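I am attaching a structure below and will ask some questions about it afterwards.
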Amino acid sequence: MDRLAARVRAFAEEREWQQFHTPKNLAMALAGEVGELLAEFQWLTSEQSTEIMSDPEAGARVRAKIGDVMIYLTRLADVLGIDLVEAAMTKLDEVATRYPIEQVKGSAAKR
Amino acid sequence: MDRLAARVRAFAEEREWQQFHTPKNLAMALAGEVGELLAEFQWLTSEQSTEIMSDPEAGARVRAKIGDVMIYLTRLADVLGIDLVEAAMTKLDEVATRYPIEQVKGSAAKR
Amino acid sequence: MDRLAARVRAFAEEREWQQFHTPKNLAMALAGEVGELLAEFQWLTSEQSTEIMSDPEAGARVRAKIGDVMIYLTRLADVLGIDLVEAAMTKLDEVATRYPIEQVKGSAAKR
Amino acid sequence: MDRLAARVRAFAEEREWQQFHTPKNLAMALAGEVGELLAEFQWLTSEQSTEIMSDPEAGARVRAKIGDVMIYLTRLADVLGIDLVEAAMTKLDEVATRYPIEQVKGSAAKR
């Protein structure tokens, strides 16, 4: 994870792209990549979507797009000084309190 | 990273949410969270966006939303059997070849 | 349609929000609203999503969010000098050529 | 507007795509197109984004993508039985009450 953040940062700095990599711009780029990921699933049924990785072409596209999303998310967190795993862990603690197991088990009124 | 993926998985399984966590649904949830993140930056200038973490309230919201995005991205990758860091590293190798340093340095015609 | 565009424009000008309503910012705001719309559908099956308007609460939320999306799309098109209906009609002509009826009928390899 | 909705509906029905055009799927498709639109603006400054239509190539891409967004939004509203212009007008009435002119004039704490 730290190695990835460092590589993404070096990648941007070598190309002198820091000027473009403001949080605002990176959030847009992240959203653009997520839009491409959505497009892979939009016409599939939920059941079909669970089998997507067994299709070599679609699977490769999904893997590449998830890679893109992760690159921009890592870069965005890095320029904001946020530790990605820590932010997720902290948030998970909060939602665990908000959605106690016994109250939400199997329920669709979930996240 | 592995610990995060395991925790997110346990979180979903304890609540019997696996039934909802198809790749299609998770991609939508990811996009929804990214939409909330965008909303934090939409009326800021690029310069203002670089200072957002020095505002305690906005900073806390951004951190929480980045945590949400990371949770859903981790869960999506997990149900697809994709290693998030590896997918990003592989993609970084590809884009490094596509955007050679000497050709794109400082240029806006980049990603 | 023209009346809507005029009202949205007046709404922004009365509040002196033109300064914030650059195409870049409006595209982000549009994406943020679409993210909220996605959230209404993310845990529903496709079948359930076809029944959403018969639930008064969810139906009202969907209607309000579609209204928000339309407001920002109208405003974005207006500041860019694009006629929304004409742009859609032109695009429809193009995709009709790209997806001839006899070739794509009933097929999932569509958009 | 009504003519557009009718044309989009005919377009889908001729191709027997109604089966794919559930609200859930259409919301995803809409978000995917908005993601492509974001990509046109992500590395531009706000100022540059206001000039985008004077670049023939970028301008044509933006027009085409706005057309795509409008097509899916029209189709989504149609399958849900929502009148797009009316939904926007109703929402505008609500936000006008929420953001009285004298209180928000020129302020960034806006929508």
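Read from first to last, the chains carry the letters A, B, C and D; within each, the first residue is number 1.
Quick note on the criterion: a contact is a pair of C-beta atoms (placed from the backbone, for glycine too) under 8 Å apart; a residue touches a chain by one contact, two chains touch by 3 or more.
Since this is a predicted model, take the numbers as computed values, not measurements.
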B-C against B-D, pair bridged by the larger set of C-beta contacts: B-C
Whole-Å gap separating chain B and chain D, where each centre is the average of the chain's CA atoms: 24
Length of the line joining the C-alpha centres of chain C and chain D, rounded to whole Å: 3
Numbers and ranges of chain B residues touching at least 2 other chains: 20, 24-25, 27-29, 31, 34-35, 38, 41, 43-46, 108, 110
Chain-level touch network, classified as line, ring, star, complete or other: complete
Chain B-touching residues of chain D, taken from the complex the two chains share: 24, 27-28, 31, 43-46, 108, 110
Residue ranges of chain B in contact with chain C within the complex: 20, 25, 28-29, 31-36, 38-39, 41-43
Interfacial residue positions of chain B with respect to chain A in the complex: 1, 3-4, 7-8, 11, 14-17, 19-20, 22-25, 27-31, 34-35, 37-38, 40-41, 44-47, 49-50, 52-53, 62-64, 66-71, 73-74, 76-77, 79-82, 84-85, 87-92, 94-96, 99, 101, 104-106, 108, 110-111
